[in-house]
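Take a look at the following structure, please.
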Amino acid sequence: MLEQLRIEVLEANLELVRRGLVLYTFGNASGVDRERGLCVIKPSGVPYEKMTPADLVVTDLDGKIVEGSLKPSSDLATHVLLYKRFPAIGGVVHTHSRHATAWAQACREIPCFGTTHADYFHGSVPCTPLLTREEIEGDYEHNTGEAIVRRFEGLDPLHFPGVLVAGHAPFAWGKTAAAAAFNAVVLEEIAAMALETVTIHSSAAPIPAAMMDKHFLRKHGPNASYGQK
Amino acid sequence: MLEQLRIEVLEANLELVRRGLVLYTFGNASGVDRERGLCVIKPSGVPYEKMTPADLVVTDLDGKIVEGSLKPSSDLATHVLLYKRFPAIGGVVHTHSRHATAWAQACREIPCFGTTHADYFHGSVPCTPLLTREEIEGDYEHNTGEAIVRRFEGLDPLHFPGVLVAGHAPFAWGKTAAAAAFNAVVLEEIAAMALETVTIHSSAAPIPAAMMDKHFLRKHGPNASYGQK
Amino acid sequence: MLEQLRIEVLEANLELVRRGLVLYTFGNASGVDRERGLCVIKPSGVPYEKMTPADLVVTDLDGKIVEGSLKPSSDLATHVLLYKRFPAIGGVVHTHSRHATAWAQACREIPCFGTTHADYFHGSVPCTPLLTREEIEGDYEHNTGEAIVRRFEGLDPLHFPGVLVAGHAPFAWGKTAAAAAFNAVVLEEIAAMALETVTIHSSAAPIPAAMMDKHFLRKHGPNASYGQK
Amino acid sequence: MLEQLRIEVLEANLELVRRGLVLYTFGNASGVDRERGLCVIKPSGVPYEKMTPADLVVTDLDGKIVEGSLKPSSDLATHVLLYKRFPAIGGVVHTHSRHATAWAQACREIPCFGTTHADYFHGSVPCTPLLTREEIEGDYEHNTGEAIVRRFEGLDPLHFPGVLVAGHAPFAWGKTAAAAAFNAVVLEEIAAMALETVTIHSSAAPIPAAMMDKHFLRKHGPNASYGQK
């Protein structure tokens, strides 16, 4: 079932390992089949080196397991909520990558300090507020998704393909699982650059709006000019 | 003698190398056989590349050599004291890994800034006070262990599987030698993240207690839900 | 056409990958054939692993494609302008390498804090001002080149083989494509060292002029004594 | 001539590469044959990958070439001066390794913040003053050595096996070329740890003298207990 999507999701998980975004079994990637309303996600706590497409878990968008003998990632409820509320996305990635996590732990949005950032995020990388005690003690992973969705009111998830969950770590997404992994890698890099930028100049300013637009729209939207399309 | 434990302890030592926690021969891992009251530990100053299970040294819990032609790690007295006082642990690791050592040198506990931390430490990573001159000039390695044990009054060593020794470096432990090495790697990562967190926001706050509990208990204790158990 | 130059330019692009200066397809290197007035440049958005000399694009110095079925790098207009205005250079490299980009994002010149810097840059690494809205919304890549050229009034591009474009990232150059890549790598290293220098001592001072001259002239100019020439 | 020493010096040079202390051809290691009064040193600007024992240059302790068709490292005059003035040393290494160079650029001694440092340096890592204009414009490399020697008045070079040259970079040494390379690697690590220590706690204090003595003397001197000797 969903053989091709399983391969893509496994590959997205492995890309996180190759790029140094995950330690041990931390982190997870998923993909969605919009027609069937099914999600393919990494199993919980299984070493990446041994993972095969068959180990991935298929669930519906309420998080109910449809196929798979292993337990899904403990963050499943966040993934499926994002698929429900952000209909344009096809893949979700969650990591505890070092630099993006540091910004999440500092509860600080990442200002758009340069074009590397503007090429992929059309403004600051959003950060949720801390979850309340009720949200934490209730359906925690679901409520994490709700906090993300609330923070994205008025924002296009494809213009801001990731978020920092305060006190926790980043989520990233994209049109496919591969794009979600790519955006997680880019987010980690811009988090690293921003950390160094504020180290050099503690009150560094974001780039002007015109520059942000120029770069974002060079790579995205109807007038994109980057790459071979 | 203790062939299986020798293999496990060697593997824990090599894991420290693979994860970049040790430079040259710095660092050491040990394991304990509780039934026989014996400890297996790395020899002192032997290159990791050439180390075999037979090179490891077997001692009793007073540090007396029972088997082995090489000298044990100079930190042996700290290891065996921890085994005596923390009956639930089965492995101990000592490294001078860069980021955790920086916190130890700064004589600062690592605040629980996020869930990566809370997944493995149920609060700040403890830091001992500096040893007194008498403690240093006396039975130094033993007194290092005593300082750790005193700092852990009222704390469950499995809820805080590591410590910073002020002006020195971290020790980590776990139910097995492998778990001790894993916790040493995690401690190094959360030390790195915490360093970046205070760089971004010098007065960053720890996460709320509810979030700390949620994450720690998701991975530990009777209601743990992480992984395939 | 330009078979040898294609090989050199491909090699310069691959050197950026090997040295960790580029993520995914970020970054680009080019070379110029001064006799024919032709530029060879990396195609846009093509993975480095698959790139062959034949994939590179040949343009004239107005950026018009002369040979090649792929689209050239989106930064082509900056490259060709630099070739026109800096007649002594033979190669140009653009990357978003982390540390140099952090200085560009902080809109700060890199002070000449030491001899590693002085060996290759005869003073601070220049930084352009931010482009104006008109410059950004106009012929952006061309105007980026113009901003660089204006910043270099009175400076010899071979004495300062690179620049930070404010809010963006570095460009580097040299007598050949290989030299441009080498200078990009050196610039990244001195950016890293300078970041750490200001972390240790926020008001660190540049080295004295005599030291700057000594080192720069030990490697450059008629009395150079370094290497086997 | 000096076949064995050539092999040892080549190996020390390659160790610097393996440990990430040198970029391109930066850095150099040498060794001395005390009986014959001869120094073996890396040639200037030759890629490490292609270097053979035969490429190394033999000089006397005034820096006069005795054997070798290549030019010696431009830092030769510093090396030979150190051999003359520090009779106990057998190898010298010079690198521009990132973290130690940052401290040199900040013109700051590295305080002894912990035992990793105290295991190899019996106090702060010394830093020379900046050279004067006369010293720079005169016999620069020789005067660099003189500045080091002056800074070491009253210090035992084997108790402080390295130095920071202000505005420049570190030199390290030891009883052999291999020991010099080892000390250069350790110096780089303690520089990295110290940088992070002051980032966490800007007024961090050195460890107490008793701790410094304990660790230094555990590894050095007549009562050393570390390793298998």
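Chains here go by letter, A, B, C and D, matching the order in which they are written, and residues are numbered from 1 within each.
Criterion: contacts are C-beta pairs under 8 Å (C-beta built on N, C-alpha and C of every residue); 3 or more make two chains touch, one makes a residue touch a chain.
Since this is a predicted model, take the numbers as computed values, not measurements.
Colleague: Quickly list, by label, the chains bordering both chain B and chain D.
Modeller: Neighbours common to chain B and chain D are absent.
Colleague: So chain A and chain C: same face meeting same face, with over half the numbers shared, or different?
Modeller: Both copies touch with mostly different residues.
Colleague: Could you state the distance in Å from the CA-based centre of chain A to that of chain C?
Modeller: Computed value for the inter-centroid distance: 32 Å.
Colleague: CA centre of chain B versus CA centre of chain C: separation in Å?
Modeller: 46
Colleague: What positions in chain D touch 2 or more of the other chains?
Modeller: As it turns out, chain D has residues touching two or more other chains at 199.
Colleague: Among all the chains shown, which pairs meet the touch rule set out at the top?
Modeller: A-B, A-C, B-D, C-D
Colleague: Using the touch definition up top, name the residues of chain B that touch chain D in the complex.
Modeller: Going through chain B, the ones touching chain D are 23-26, 43-46, 70-71, 74, 96, 98-99, 101-108, 130-131, 133, 136-137, 140, 167-169, 195, 198-199.
Colleague: Please give the residue numbers of chain B that touch chain A in the complex, ascending.
Modeller: 113-116, 182, 185-186, 189, 192-194, 196-197, 199-201, 204-205, 207-208, 210-211, 214, 218, 225-228
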